[in-house]
Each structure stands twice: as C-alpha cells, then as structure tokens.
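Shared chain: chain A. Partners: chain B in the first complex, chain C in the second.
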Partner chain A sequence: MALLEIDDIHVFYDNIQALKGISLDVEANRIVTLVGGNGAGKSTTLRAISGLLHPRQGAIRYDGRPLAGLGAHDIAAMGLVHVPEGRRIFGRLTVDENLLMGAFTRRDRKAIAEDKERMMTLFPRLRERLRQVAGTLSGGEQQMVATARAMMARPRLLLMDEPSMGLAPMVVEQVFETIQAINAQGVTILLVEQNALMALTIADQGYVLESGEIVLSGPGRDLIDDERVRQAYLG
Partner chain B sequence: MSASSPAVALPSAPWLKALKRLNAVDIVLWALRIAVLLVIVAGTIGCVVKGRYTAAQWVDFVVFGLTIGSIYAQIALGYTMVYGVLRLINFAHGDFVMTGAFAGYFIAVPLDQSGFLQRQPVLAMAAILVVAIATSTSVALLTERIAYRPFRRVTGLAPLICAIGVSFFLQQTFRGMFGSAVKSYPEPQWQRAAFNVFGFNVPRIDVILIALALLFMLALYLIVHRTRMGTAMRAVAEDAEAAALMGIDVNKVIVFTFILGGAMAGIAGVFYAFLYKQVYFFMGFTPGIKAFGAAVLGGIGSIPGAMLGGFFLGLVESVGPALFLDGIGITAPYQLRDLIAFTLLIMVLIFRPHGLLGERLSKKRA
Partner chain C sequence: MIRTAIVRGLLFGAVGLHLAVVGVLLMLHQRWIIIDTISLGQAVLVLLAIGAGVMAAPTNAPEAPPARLLFGLIAGAAASLPLAALMVAMDLVRLQAVFIALSHDLFEMLSFDLGDFLGVLALIGGGAVGGLAGAVLQHTPPGIRRAVIAGAAAVVVAGVFQELIQLMLQFEGLIGDIRDFFYTWEGLSPQGAAVVFAITAIVSQVRSAASRRNQAALTDQQRQRQRMIRALLCLAGLAVLPALAGSYIGQVLMLVGLFILMGMCLNLDVGLAGLLDLGFVAFFAVGAYATALLTADNPHALLHLSYWAAMPIAVLLSICMGVIFGIPVLGVRGDYLAVATMGLGEIVRVIVLSDFASPLLGGAQGLLQIPKPALGGFTLGSPVSLFYLTLVASGVAAFVAWRLENSRLGRAWMALRDDEDVAQALGINLIRSKLMAYGLGAAFAGLAGSIFAVMLGSVYPSSFQLLISINVLALIIVGGMGSLPGVALGSIALIGLPELLREFGEYRYLFYGAVLIIMMRLRPEGLWPSEARRRELHGSDESLALDAGSDLLPAQRT
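So, the complex of A and B:
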C-alpha cells in the first residue's frame, strides 16, 4: 500500500473544473514529482491533498486513512505537511517564531529544541538570523525558512510546491540537494516543479499533468527520455 | 510590478505639472487640512494669550486625558486584534464593554452596601473585574460562535452589517432586562482621595486606573508576543491558510482572540464606569466608536498602534477643547470634546487610512 493514494479526484473552483479525475500513488520514502505547464493543476492537486480544497468526487487516502472531511490543520497534525507555492512564510514573525509555528502540533519541548538545532545545522545561515524578522530575508533564505518550518513538524510526507521558484540557478541547485538530503532521512516527498528536468532527475516516479489530467507517468529517468516530455517541457 | 511609466520629457516645471494634476477633490482636502490647522494654531495662540487656565487645570486635563486614553487603548486592542485575524470590524465590541460594566455593577453595589468595597479595595476590585471579564468574554464568545462564524467565508458588507445587528441586539437586550435608566456606580471613599504629585492634586482613581490599564496591557502584550497561542494569533493574522498548513486550528485562534478582546473589554467597562460613575445600556457606543477611531489612528491590526492611538485620542479630546476651541472664542468647549474626537477620526480616515503604524484599512486580502 502506498503512503498516499489519490483515487480519481475532481476539484472545482466554483464552476471551473481544475482537476478532471486524477489518480496517483506516492510510495513511502520516495521522491515523486508532478510536472506540467502553467495552470495544469499542480498546485490544485497539492491543495486538495492538504485539505485546503475539498474534491467534489474521488478519494484521498494517507497511510490508509481517508482524508475526506478533515481540516487542513488536522491533516498537518498527521505528518502530511504542505510547503505552499510562494513559500508563505510569516514575514512579520522572526525566523525563530516561524520555526516554532512549524512545531505547533508538537508538545515535546526537548525534541523541538533538538530539531531546531538540526535545522540550523542543515541551514547554517538561519542560525545568525534567528531573531530577524523573516520578511527581510532574501528569497533563498526564505525558502530555507519555509523548508525548515515544515520540517519542524516532523513530517512523514512533505508536499513542496515549486520550491525553486524565483531563485538564482546556484540556489536552485542547493534547494534540490536539500530535498534529496531530507528524503534520505526518511521523509517522503511529493514535489511540484516547473523545472521539469531537475525534478525528474531526482525523482523516483514522475507524473505529467496537463489541463487537469495526468497524461503520462513513469520512473523519472524514463520520462526525461520520453519524446513527448522532451518536446513539451524540456525544450 | 511597478506602475511607474517611463519619464516623458515635458517642457513644464515639476511644480506646474503637480498643479495641473490637482483636481477639485484635492483642493477640498487641502482646504480641510488648512482649516483644521488654522483652528489648532489660532486656538492655541488665543488660549496662550488669554491665559485663562492655571497650571493645575492643565495638569487635570492631561491626567484625565491619560485616564480616558488608557481605557480607549484597552478597547481599541479588541478591535485591532479581531480585525487582525478576521479582517472584520467588530462593531459590537463597544457593547461587550457595556456588558462588562453592567456585570461589574451588579457585584459592585452589594459589595459597596456591605462596606466590603471600602474595607477591602483590592479584593473587591478583583471580584468586580473577574465578574466583568467573565461576562464580556462569554458575550464575545457567543457572538463569535452564533453571529460571526457563519460569515467566515463571506466577503463584502454582510459580516459588518451582522456586527451592527449584534450591537443593537445587545443594547436592546440589556435595556429590556435592566431598563433604560442610568444607574450610578458606587464611589468608595478611597477613590475620591487625591495624590499629591509635584504639588498638583491628582485624583487617586485616575492614577489607579492608568496603572492597572498599563499592567493589563503589558500582560496582553506578553501573551501575544511570548506565548505559543499568541504567536499563532500573529501567524493567523498574517496568513491564515499558511497557519492552517502548520497545523494551527484557525478556529481556536479566533476563539482565543475573542477571549483576549472580551477580557480587555470587560476591564475597560468597569474602569469606564468607575470613571464616569454610571452605567446604562447605550454606554458602550461612544467609547466603542472612539476606540475604533483610536485603533484606526494607530493602524488597525497593530497592537502597539491601538495603545498609542488610545492614549493620543484621550489626550486630544481632553486637552483639545481648552487648548484649541476656547482660544478661538467658543464658549463651553467641553461639550465639543466628542466633536474633536470624531473630527480626528474623520481626518485619519481621509488622510492616513493606514494609521500611524499599521496596514491600510481595506478589502480583505485574498
């Protein structure tokens, strides 16, 4: 059984149908990526998984449990954590407070302090900026805060929506390395990217989304070699 | 994206360009600014020249301004926090103040008659405050649950109109239960005495109310900035959706916000009643609307802004009549103190809608 199973979900914004029956599986400990052009429905898929949107039809199961009817905060508390598009860190809170909010559902103060220490080892730049208001950080640093904040929840499954957006090529490289490092620690990753080549390179499994439907899927390597993917997304 | 267009070379001087862009509304607004400024300057000069007030009187004005200002500040905090998390102007907040004052009244009167209020001021005041806080917090929570939660995802004017409805409902309910007559609050002996500060007599009640208000506001500040729920409240105020993704139950945070706001309203209600020595069903309206003005003045959504705005408004309306209005020859200027307060509110809304420290009072963020 896969950690996350999505079974034929249909999602609407009022009367506009954004997802037209999507099914996909995320196996535990893997990196799975969802690629596709603007408006394909990638973010919508993640928002449906994390409970920000509710499918009109179809089912989502996490660790065997159906998620229907649960609020976003309930789902986050189950270890399914979503780093939304645009990072959405709390810009008026300090970096430290952002990390604290990531651990909101946890009570074990000691373990939280240890995890914070781990995050500052993973992102040494955050250590110097702990008391700084997060909105004043650079884009790359804000991405670090967003990732560290999500990791403070001790996720089992991390949904990441375009973590490389708006970052310089060097920094993008680091972001992908971080994702692999997190995955190596046993966190399953569902990654949405416009940067299809890099995403497919690190992914075990890939899905290609086009206007609300999955048009292709397979191991990341195979998709990179696929003629249709090459033409549409890799240039 | 930047809205600035590339500079087009025009032959005219910059000031001429600015003049051309001026329209009728701008001219009226400038006239308004100048008129208010003239009243203030002329009034102040007139006041100084006439020298009608003694130093002791000025001290009275300032102390009273700080006292009423500290009450406005506490009420304003409720407006600003609820606006922060819900983007809703809780029009009924002034009536939460009234419910607190009433509840305090019903415990203060027997305590006064038995002599307990006189003998044990600290215990008696604590009891009055606890009852007032419990009452206005309960009213705030019921209002949130019954009247505001169904409107959570509704945009537009409906939630605001609902809040106005709640305000009328609370006023008329209290009128129905306790009549429309003004009831006088007890005034124990220890409140009437005065402290001597640098040779000036300062009413003891004023000093007590200011000190307690500062204490409660400090407590609130620490809760909002040092506790987990307080931090969650600031996170929700900034981005409720991102907060939910972190496992924060937004409903619980909203309830928490109404508890804090309700408690401050209850305290303010008791203080207001002890200051003016009376309660009646409509008493929450004026301080409520003024405190809302104070919150806007400080920048709605900003907690330090609400405190600053409250004290500023209190001072202006207390010192203003003597300083500005008496000087330009207006008789009985004290009856116009509300005029000064509301003129200030209108001026803020026109010229500085985002207040001194805060964000723009505007549509809900997407």
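So, the complex of A and C:
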C-alpha cells in the first residue's frame, strides 16, 4: 500500500474546474515528482492533499486513512507537511521564530532543539541569520527557511511546490541535492517542479499533468526519454 | 534654491493660515506659556517659522553654510507672508462675516498690538528671525540641538500645564518658595522659564553623553533590563500621581486608565493576531450593560448582585459575544474584517435602541443608578480609587498579553497574521486560534465596559459609538502597536492631554488627524514601539530608517 493514494479527485475554484479526476500514488521513502506547464493544476493538487482545498469528488488516503473532512492543521499534525509555492515564510518573524513555527505541533523541546541544529548543518547560511527578520532575507535564503521550517515538523511526507523557483542555477543544484539528502533521511517527497529535467532525474516516479489531467506517468528516467515529454518540457 | 526656500516657507505659512482661519490659533493664544511673554499660539507661529527654516536649509545643500542661513531667513519670512496677507485683507475687508474666527482679537495677536503697518513688518521680521533660528539649529551639532529642543519642550510643558503643576505644589515652606520662584499665580514666570530651560538642557546634555558612553558596552540583555526598568518607573509614576494630584486629575486619569485597559485588549487582537477589529465597542457595551442589569438600583435590573459577582458574569457574557461575533467573520481578512466588525459594533447599539429591546435595556434613557463597587467596608467611589481599579485591571491584561506573546497561542497568532495558509499547513488550528483571539479581546473589552458602567453610574447607548473603537485604535497606533508601555503612553497622549487642555475639545479630532499623520511620517512604529515592531519598520533596512525620520529634524534632500 502506498503512503499516499489519490483516487480520482475533482477540485473546483468556485465554478472553474482545476483538477479533472486525478489519481496518483506516492510510495513510502520515494521521491515522486509532478511536472507540467503553467496552470496545469500542480499547486492545486498539493493544496488538495494538505487540506487547504477540499476535493468535490474523489478520495485522498494517507497511510491508509481517508483525509476527507480533516482540517489542514489536523493533516499537518499527521506528518504530512506542505511547503507552498513562492517562499511563503513568516516575513515579520525572525528566522529562528520561523523554524520554531515549523515545530508547532511538536512538544518535545529537546528534540526540537536538536532538529534545529541539524537544519543549521544542512543550511549553514541560516545559522548566521537566526535573529534576522525573515522578510529581509534574499530569495534563496527564504527558500531555505521555508524548507527548513517544513523539516522541523519531522514530516513523513513532504510536499514541495517549486523549491527552485527564481534561484540561481548553482543554488538550484544545491536545492536538488538537499532534497535528495532529506529523502535519504527517510522522508517521502512529492515534488512539484517547472525544472522538469532536474526533477525527473532525481525522481523515482513521475507524473505529467496537463490542464488538470494526468497525461503520462512512469519512472523518472523513462519519462526523460519519452518523446512527448522531451518536446513539451525539455525543449 | 531660493525658489525651494520660498515654496517651503509658503507651505508652512499655509498651515499657519489654516490654523488662523479655523480659529485654532486664537484659541491657543488664550493660554500663556510664559506669563505675559509668549502664548501657545505665538509659539506655534514661531515653530512654523523655525520649521520652514529647517526645511529650507538642509545640511547637504550644495551652497556654502552662510547662504543656507540666508535660505532659512527667507523661508521664515515666507512662512509669515500668508498671515501677513491675511492681516492686510482683514484691514481692508470685514472678513469675520465669512470666517467667524477672523476677529479683531486675532488681528491684535498677529500684529503684536503694533497697529497695521508696524504689525505686518513685525510679523514678517519675526518669521525671518524664526527661520534663521531654524537654519542655525539645523547646523548646530546634534548634541546642542537636542539640548535646545529638550529645554524648549520642557518650558512648554511647564508653562502649559502650570495649573496642574501648581496644584501639586500646594505646600508652604521650601516647596512653596520654589513654586513662587517658578510660577506666578497665573503662569510660568520668565525667570522660572529660563531656569527650566537651562536645567533641562544641561540634564539632557549630561544624560546623552553618559548614555552614549554606556550604550556601546551594553549587552542585549542589559538593554532589555533597562527598558523594563524604565517601563516600571513610568508605571510607578502613574500609580502615585493621582494620590498627589487633585480630584480633577484623578478624573482625567480614570479615563486614561480605562482607555489603557481597552488599548491592551485591542492590542492583543490587532498587534499580535493582526485582526483589525473595529467592533470592539460592542463587547465594551455588553460588559457595561451586563453589569448594569446585574447590579443597578432600578426597575430594569434583573438582579442586585455585588459588583465583584457581576463583573465575572459580564466578562463571561462578553467572551460569548466575542466568539459568536467571531464565527461569521472567520474567513474575512484584512481591510474587509475592519468593515465587517465595524458593522457588528454598530449592531449592538442599534439593538439597544430598538423597540424590541427598549423595555429590557432602557432604550435611549439608559440604565441609571449603578452602585459603586465596595471593597470590604470601603466604597470605590472617588475617581482616584476607580483609577486604581482600572490600573489593576490593566495590570492583569498586561500580564496576560505579556505571557501570551511568548506562548504557543501567541506564536500561532503571529504566524496566522503573516500567512494564514502556511500557518495552517504547519498545524495551526485557524478556527480555534482566531476565536481565542476574539474571545480574549472581548473579555478585556467587557471588563473595561464593566468598570466604565460603575465609573459613570449609568449606561446609555450613546456612550457606545464607533468613535470609541477608533479612539482606541488610534491610541495603540500612536503609542506603538504591540507594545504595552506604548499603550499607556498613547492613552495619555490621546485621551489625557485633550482632557487637560479643555479648550482643545472642539478641535480634538483635528489634532487627532494631524498627530496621526505626523506620527505615520516621522515615527510609524509609535512613541514606544515594541522590539519586534521596531525591527519590522527599521530592521536592517537603513534607507527605510532614514526615510521614517529617526531624528526629530530630518535632513531633507532638495
């Protein structure tokens, strides 16, 4: 049984249908990626999973449990954590406070302090900037805060929405290395990316989304070699 | 450059003209700063000229310093031109038929009783001197400048509040002699003013020198402790003041205390949780009416409980109202929330006035004869004792707010304030947190309302206007959002001062508006900002700090 199972979900924004029946599985300890053009519905899928949106039809099961009817905070408490698109850090709090917010559902202070230390090793840049107001960080640093903050929740499944957006090519590589490092620690990852080549390279499994529907799926390597994917996303 | 000097001067002059036409100037002229020497109105004119001089002679201007002083002089003269023109016009036409404030008294004030021609010359000459003084001030070293400003401010305070200060110094002997040196029966004496100026200037000089030496060596923790000590000292001052002062000050302070309490709770909502709640007065009304219904000595009363039994019930009812009001506006954010809650606030007042509720709540006649609370055998009847009641309640509110700020709930509020979606995705329960914020805010508002009811001894629907919510909001903005001492300061500045300067009553909201605009320009973080807020607005962004004017006299770029 997969850690996350999505079964034919339909999601609407008022009357606009953004997802037209999507099904996908995320196996535990894997990196799964969702690629597609602008407005394909990738962010919408993640929002539906984390409970910020509710599908009008279909089911989402996490660890065998249906998520229907649960609030976003309940889902987060189950270890399913969403890093939304666009570096949405708490701009008026310090980096340190942002990290602590990530551990909001946890009460084990000692372990939280240890995890913070681990994040500092993962992102040495953040250590110097712990007391800085997060809103004044550079774009890349903000992305680090967003990722580190999500990790502070000790997630089992991490939903990452375009973690490489707007970053310098060098930094993009670091981001992907970090994702693999996080995955190596036993965290399952569902990754949404514009940078399809990089994402498919590190992914065990990939899905291609177009206008709210999944048009292709398969192991990451296979998708890179697929003619249609090459034409549409890899240029 | 001369052109900018003239334009700036005329701008300041336009402000003076406006003040004259609406009648503020003459009103201010009625109050002496130094007896028979300079009035508050004249001081405003001087201040305008100085301001024009400061603005026209920036320290970074390309011209040599002597030329800059000339610009200051020109700007000062230009600042008095509009008023001089007004004088000429008043001489030629009877303007009072149009503008009631343009009376003969105003003419005499502007002309220094020197007649038409000499008067105009004196006004312009005085303006030029003021402008020159401003330019000189701009070019003196900051230390001396600060001393002069502090000294002048002290003289203004000592002069304007002479009545109150004298009241507190009603002793025979040494204190009486000192008092007689500084004050005549009617106001600050010239020699007293000179001494006040000198002492304040010297003290400020010494202090700033000492603090500059210390500041560098201080750790963050020590600095924090210093802030704590300063806040405690202010609080202690606030606590002993009414005991020294007469009952009039007690009355004013009682009102100030009440608004401090209300400011504390709105601070929770707005400062911490970012919920711009303008319906706040509704819970204030609920608390007041509940107290009235439970304790009053009139036919509408349901019970005749003691105040101490009624207050918790009133608070509980307010909490319920807060939560009930909170539910429909849960999904409403930002500006929309302000509008929605504003409507809710009005609803309560309208309900009380409605035919349906009038038989129960007394309608427009209100509920009368609410007994004063008694503590043991002692009745809290005097304004001063009620002030202490508000102080204790504010203390409780402050403690709760302070504990909350570093709690899980406080952090959840701050996170929701910055980004609701992400906060939820991190496990924060939006509904519960928001309802807690509304409930807690309402609890303290209800407490304030309950104290308000016994303060007045009666409650009327007309006491619960939207204006109360706006006043409270204004005072926490002026004081410093999210800062507890700031709330006290804001309440003293916006509620206390206008009460003390009674003649301002008519123009109260004119000054409110002006103060708010000036604050937003010069010091958007408030008079006594919280650490976090200072960080937000100034933070590491130097240019922003400059823009917001960290100095009293910002150097203007031309």
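Odds and ends about this structure:
Note that in this section the second predicted complex is superposed on the first by the 235 of 235 C-alpha atoms of A that agree within 3 Å, B and C clash if a C-alpha of one lies under 4 Å from a C-alpha of the other, contacts with A are read in each partner's own complex, and residues count from 1 in each chain.
As a working rule, a contact is a pair of C-beta atoms (placed from the backbone, for glycine too) under 8 Å apart; a residue touches a chain by one contact, two chains touch by 3 or more.
Not measured: the values here are computed from a predicted model.
Superposition model on chain A: chain B and chain C are shown in a clashing arrangement.
Once the two complexes are laid over each other on the shared chain, residue contacts for A:His73 go to chain B and to chain C alike.
After overlaying the two complexes on the shared chain, residue contacts for A:Leu100 are found with chain B and with chain C alike. In the superposed model, A:Val192 lies in contact with neither chain B nor chain C. In the superposed model, A:Leu157 makes contact with neither chain B nor chain C. Of the two partner chains, neither chain B nor chain C is touched by A:Leu4.
Of the two partner chains placed by superposition, A:Leu19 touches none, neither chain B nor chain C. Contact with neither chain B nor chain C is seen for A:Val172 once the two complexes are overlaid on the shared chain. Here chain C runs into chain B after the superposition, and of 5-13, 77-85 or 239-247 the stretch doing so is 239-247.
On chain A, the patch touched by chain B and the patch touched by chain C overlap at residues 50-52, 71-73, 76-77, 81-82, 84, 88-93, 97, 100-102, 104-105, 149-150, 153. Residues 408, 411-412, 414-415, 417-419, 421-431, 532, 535-536, 539-541 of chain C are the ones touching chain A in the complex. The touching residues of chain A, when paired with chain B in their complex, are 50-52, 71-73, 76-77, 81-84, 88-93, 97, 100-102, 104-105, 149-150, 153.
Those residues of chain A whose C-beta lies close enough to touch chain C in the complex are 50-52, 71-73, 76-77, 81-82, 84, 88-94, 97, 100-102, 104-105, 132-133, 135-136, 149-150, 153. Contacts from chain B toward chain A in the complex involve residues 228, 231-232, 234-235, 238-239, 241-250.
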